Amino acid sequence: MSNTPISRFEPPRLAELPKDVAERIAKVQEKSGFVPNVFLALARRPDEFRAFFAYHDALMEKPGGLTKAEREMIVVATSGLNHCHYCVVAHGAILRIRAKNPLIADQVAINPRKADLTPREHAMLDFAVKVAERSHEIDDADYAALWDRGFTDDEAWDIAAIAAMFAMSNRLANAFSIRPNDEFHMMGREPRP
Amino acid sequence: MSNTPISRFEPPRLAELPKDVAERIAKVQEKSGFVPNVFLALARRPDEFRAFFAYHDALMEKPGGLTKAEREMIVVATSGLNHCHYCVVAHGAILRIRAKNPLIADQVAINPRKADLTPREHAMLDFAVKVAERSHEIDDADYAALWDRGFTDDEAWDIAAIAAMFAMSNRLANAFSIRPNDEFHMMGREPRP
Amino acid sequence: MSNTPISRFEPPRLAELPKDVAERIAKVQEKSGFVPNVFLALARRPDEFRAFFAYHDALMEKPGGLTKAEREMIVVATSGLNHCHYCVVAHGAILRIRAKNPLIADQVAINPRKADLTPREHAMLDFAVKVAERSHEIDDADYAALWDRGFTDDEAWDIAAIAAMFAMSNRLANAFSIRPNDEFHMMGREPRP
Amino acid sequence: MSNTPISRFEPPRLAELPKDVAERIAKVQEKSGFVPNVFLALARRPDEFRAFFAYHDALMEKPGGLTKAEREMIVVATSGLNHCHYCVVAHGAILRIRAKNPLIADQVAINPRKADLTPREHAMLDFAVKVAERSHEIDDADYAALWDRGFTDDEAWDIAAIAAMFAMSNRLANAFSIRPNDEFHMMGREPRP
Amino acid sequence: MSNTPISRFEPPRLAELPKDVAERIAKVQEKSGFVPNVFLALARRPDEFRAFFAYHDALMEKPGGLTKAEREMIVVATSGLNHCHYCVVAHGAILRIRAKNPLIADQVAINPRKADLTPREHAMLDFAVKVAERSHEIDDADYAALWDRGFTDDEAWDIAAIAAMFAMSNRLANAFSIRPNDEFHMMGREPRP
Amino acid sequence: MSNTPISRFEPPRLAELPKDVAERIAKVQEKSGFVPNVFLALARRPDEFRAFFAYHDALMEKPGGLTKAEREMIVVATSGLNHCHYCVVAHGAILRIRAKNPLIADQVAINPRKADLTPREHAMLDFAVKVAERSHEIDDADYAALWDRGFTDDEAWDIAAIAAMFAMSNRLANAFSIRPNDEFHMMGREPRP
C-alpha cells in the first residue's frame, strides 16, 4: 500500500514549506503519531492550507457549544452521503475516539437513521443532512426542530457551518483523490472498558 | 425592502467588531460603494469570517491562472444548481462586470449548456458542475477533458477548489437565508459600448 | 451578439407567413417594441403557432382570477426548475413589470422558497412546482392547501394549467435552443418610484 | 366503476357547450364509439379546449413525416415516465391499433429499452425521453443521433414537440385526476391475424 | 414474435433438467396452460431455481394474512417503479384474475396513487413502495401507518418481504432481459360479469 | 449495547425452531464463533429462512467462477449504495477476511470508484452497481464491458444475481432494522503479515 499516491496532485516536499505550515504539520504529527494525508495534500497551496485549517479549527476546536463527538458525527454523516473516502475514514476514527464508541462511526456513515443515537443527536443530524443535500429548502420548521431538542441559535449555526465546511472538504478530497492514512482504519476500534 | 433582514441570524453591530474585521468591511465598502451582506452576516463569528475570506481571496483574487471572469463563471454556474439566491445575484453582478457582458450571468445561472461560451469555458464548467454535484465520480477522464482544452494541472485544482468553496458558501447562505443587497441586481447590466 | 441564431431551426421569412400569423407578430412588436424570438421560432409551423398562442392567451390573458403578476410568477418559478433560458429571461422581464418589483424575478427563478412572497403566493408556487415536478403525486391535500389560502377551484385549475403549459413551452425552447432577445434582460429593472 | 368521477373538476353538461366544442366531441364519439374523458374534462374551459385539440391535431394528425404509430409511441413512452394513467391507457390503445401490435403499448410504457423496436424507433424514443426528462441538456449530439437513423430536421421537431405537448397533457391529466374510459383497456388487444 | 428469445441467456433443454425442476415446470404448465418464461430462464441454474421458487411460494402462496390479490398488487406496484417488463405483464395478469378486476393492473402499474383502491390498500402500497425505493428510511411511523389500517405485525413483514423479493426478481428479469409470454397480456381482461 | 434488540421483529426462541433451521444456525455459530443476527431474525419464518439461505449458498458458496472475495465486493458495494447497516458491516468483515485486506471493505462501501481495485474488479462493480440502481437500463454494452475484462457469461449471471439477491437482502435488513453483531466491526482488521 505504501506506493499508492496520497493524492492526484503531488504533495510538496516538507523542506520547502513555509515555516508556519511546517509547524502546523509537525504539531498534528506529534499529536496523532503520523501526518494525516490531507495536511500534505493541501500544503501544495499554503494560502489555501492556512485558510482551510483556520476554518476547520474555528468550527471543530472552539470551546463550548456542541461536544466534539457531536461535531464529528456531523462530519461522518454528511461525508458518508457525499461518498468521501478520506473524510469518512479519518473523521470516523476521530468520532470513535471522541464518542468512546467503537461502533458509532460505521453506523453513522452507512445510515444515520439506524444508528444508536439519542433523539437530540438524530435532530442534529437531520438538520446537517438537509444542509448537505437540500440547503435551499431549509426553513423555519428546520430551526424549530432543533430548538425543540434544546439546541441554541449558535449551535444551529455550528451544525450548518460544519455541514457546509465538509461539503467543501468532501469535494476537495474527492476531486483530488486524497487517500486516508491506513492508520485511521483501526483507531478507536478497541471495545470500551 | 429596507426592512427585510439580511440574514436569519442578527448581524453584529459594526462598532463591536474586531479591528481587522471592521477594516476588511471598510475596504469592500470603499471598493463597492456598499457592504455586501455576506460580510455583515458572517462577521457574527470573527474567526470564521477571517478564514472564509482568506480562503475566498486565495482562490478568487490570486494572480495568474484562470481569469477573474472564468472564476466568477464557476461560482455562478454552481450556485445556480444549488439554488443559492445570494451567490447567484452577488456573483452574477461581478461576473457581468468582469466579463464585460451584461447577459452572461443570467445565461450561466439558468443553464450553462446554452450560454454563449467558448469550448474552453464549457469544459471548465462541465468539470466544476461535476465537482458540485457528483465529486465522488470524478476520474482521469475528467482531468483529461480539461487538459484537452489547454488547462494546466494548477488550473484544474483552481476549478475544483472554487466549486468546492462555493459548495460551502451556497450552503451557508441558504441555511442562514442571507439576502443579496438590492444593488447587485442592476450592476453590470448596461450594454457594452 | 446579433449574429447568434435565435433558434436551432431557421425561422421563416416574415413575408412568407400566413396573414394571421404575421398580424399576431406585428401586434406583439407594436406592444413590446420588438418581436420576442419565440414568435419567430414557432412561426415555422403556423398551425402549431396558432394553437400555442391561443393556449397561452387563454391562460395568461383572460380576465379575472389570478393576477397577471401571479401568473408570471408561476411561469418563472417552474421555468427556473426546468433550466429554460428563454422562459426565465423573457417571463422574468414581464414579471418584474407586472409586479412592479425589479427584484422578484431573480428571486423566484433561483429559489421561490427564499423569495419576498406572501403566504398566499408561496402556496400557489408550491402547487405549481409540484405540477411541474411530480404531478402524479398531486392529491386532495395539495388542493386543500390552496383552499386554505383562499384560492377557488377555478384558480387551482389555472395554477395547474399554467405550470403544465410551461412544462411544454420550456421543453420546446430547450430542445430548439430558442434564445431570449437581449432586450428582456434589462426590462423592468428600474427601481420602483 | 360507473360511479367514479372522470375528473376532480366536474365536467360541463353537453347541452351547455359552445357549438364547435360540442361538434368536436360528437365527431370523436362517432369515430371511437364513446367520448374519451379528456374531451369532457377539458370542455369545462372552451378556449383551452380549442387550443389543446388544435395543438394535438397539428402534431398528431398532420399528413407526412412520422407515422401515426411512431407518434403514439412517443406519447406512450413519455407518459409512462410521467406516471400518467390517462395517457398511458388511452394512447396505449391507439398505439396498439396504429401499430397493429397488441403487445407494443405495454412494452413501451413499462420500459422502452426492452421493447420490440427497430433501431430507428429506439433513437426516436431516446430523443423523446430526453425532451421529457432533461430537455435543458439536449445538444448537437442528440440531433446527430436522429440524423444517423434517417430522421429529417422536421421530424426531429415533431418528436420534440410531441414529447413537449404530452409533458403538458400528462400534468393536466395528473393534476385533474382525469380517468381513462374503461373501453381503452381492451382496445387493440386482439392478436393480429 | 415467436422468434424473439425469452432471455439473454439461453434456457436449458427441458429434457436435461433435474427431475424436481422439470416437475415444478410441468405443474405450472398444467395450471396456466403454458410455461411462464421466468421458469425456463431460471432453470438454467437449478439450485437458484429451487431457492427462488421456494421463496416465492413461501410469500405468495402461504395461507392466511394478506389476500392473494393484495400480494399481487404489491408486486405490480413495485415492479412498475422498477420498469420490469416481465413482472408487470405477468403479475399484472395474475392481479387482474385474483382481484377479478380487468382495470386494476394497469392502474397500479402506472400510478398506484390514482388507482381504484381502498385506504387500506393505499397504506399497504405506500409501505411497499418505500421498501422498494428508500428502505433505509423506514421507521416507526411507517409501521404505525399500517397498524392504523388494521394490518398486523406479520402482515407488515409480508408486505416488506414481498416488496424485497421483487426488488430481486425485477433486477434478475431486467438484467437477463426475460420476456413475458404473449399470453399474459390478455389474461383477465374480460369484463366482470 | 447488549440490550439493543437485534431486529424490529422479535426473534424466535432457539428451542422452538425446526430441526434443520436450528442445525443451520448451529453450523454458522461453530464456524464464526457467534450467530450472525440475520439468522435469528429470519428464523421467525422457517420457510423463508430456508429459501433465503439456499439462495445465498447457491450464489455465494458454489465452487468455481468468481472468487469469494469478488462476490463479497459485490455485496459490500451494492449494500453501501442501499445504506444497509447490517450488510455493510457483516459482509465488510467477510470481505476483509476473504481478500486478506483490512482496508478494502471501507473503501468499497464508501466509494467503489476510489477503491484499490484492479480494472477487472472495477468492471465487475460497475455492472453490479447498475443492476442495483438502474437494472432496466442494462443492455449489450454492459455485457460487452464484462467480456472485455475476461468475464464469462456465467460469471456475468453471477454478478447480476448477487447484486439482485442483496437488493432483496438490504431491503429486508433495512425494513426489519436488523442489527449487525458487534463482533463484525473488528473482524479482519489486523494488518496482513
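When the chains are written out, they are named A, B, C, D, E and F in that same order, and each has its own residue count from 1.
The criterion applied here is as follows: a residue touches a chain if its C-beta (ideal position, glycine included) is under 8 Å from a C-beta of that chain, and two chains touch if they have at least 3 such contacts.
This one's a predicted model, so the numbers in the text were calculated from it and none came from an experiment.
Shared contacts of chain B and chain E, meaning chains that touch the two of them, come down to A, C, D, F. Homomeric contact chain B/chain C is classed as same-residue, with over half of its interface positions used by both copies. Inter-chain centre distance (chain A to chain D, centres taken as mean C-alpha positions): 51 Å. The distance from the centre of chain B to the centre of chain D, each centre being the mean of the chain's C-alpha atoms, comes to 44 Å. One finds 24 Å separating the Cα centroids of chain E and chain F. Each of the following residues of chain A touches two or more other chains: 83-84, 111, 114, 136, 174, 177.
Chain B makes touch with chain D in their complex at residues 111, 113-114. For chain A in complex with chain C, the residues that touch the partner chain are 136-137, 139. Those residues of chain F that touch chain E in the shared complex are 8-9, 44-45, 47-48, 50-52, 54-55, 57-59, 62, 82-84, 131-132, 135-136, 138, 143, 153, 157, 160-161, 163-165, 167-172, 174-177. The touching residues of chain B, counted against chain C in their complex, run 1, 4, 80, 83-85, 88-89, 102-103, 106-107, 109-111, 114-116, 174, 177, 182, 185-186, 189, 191.
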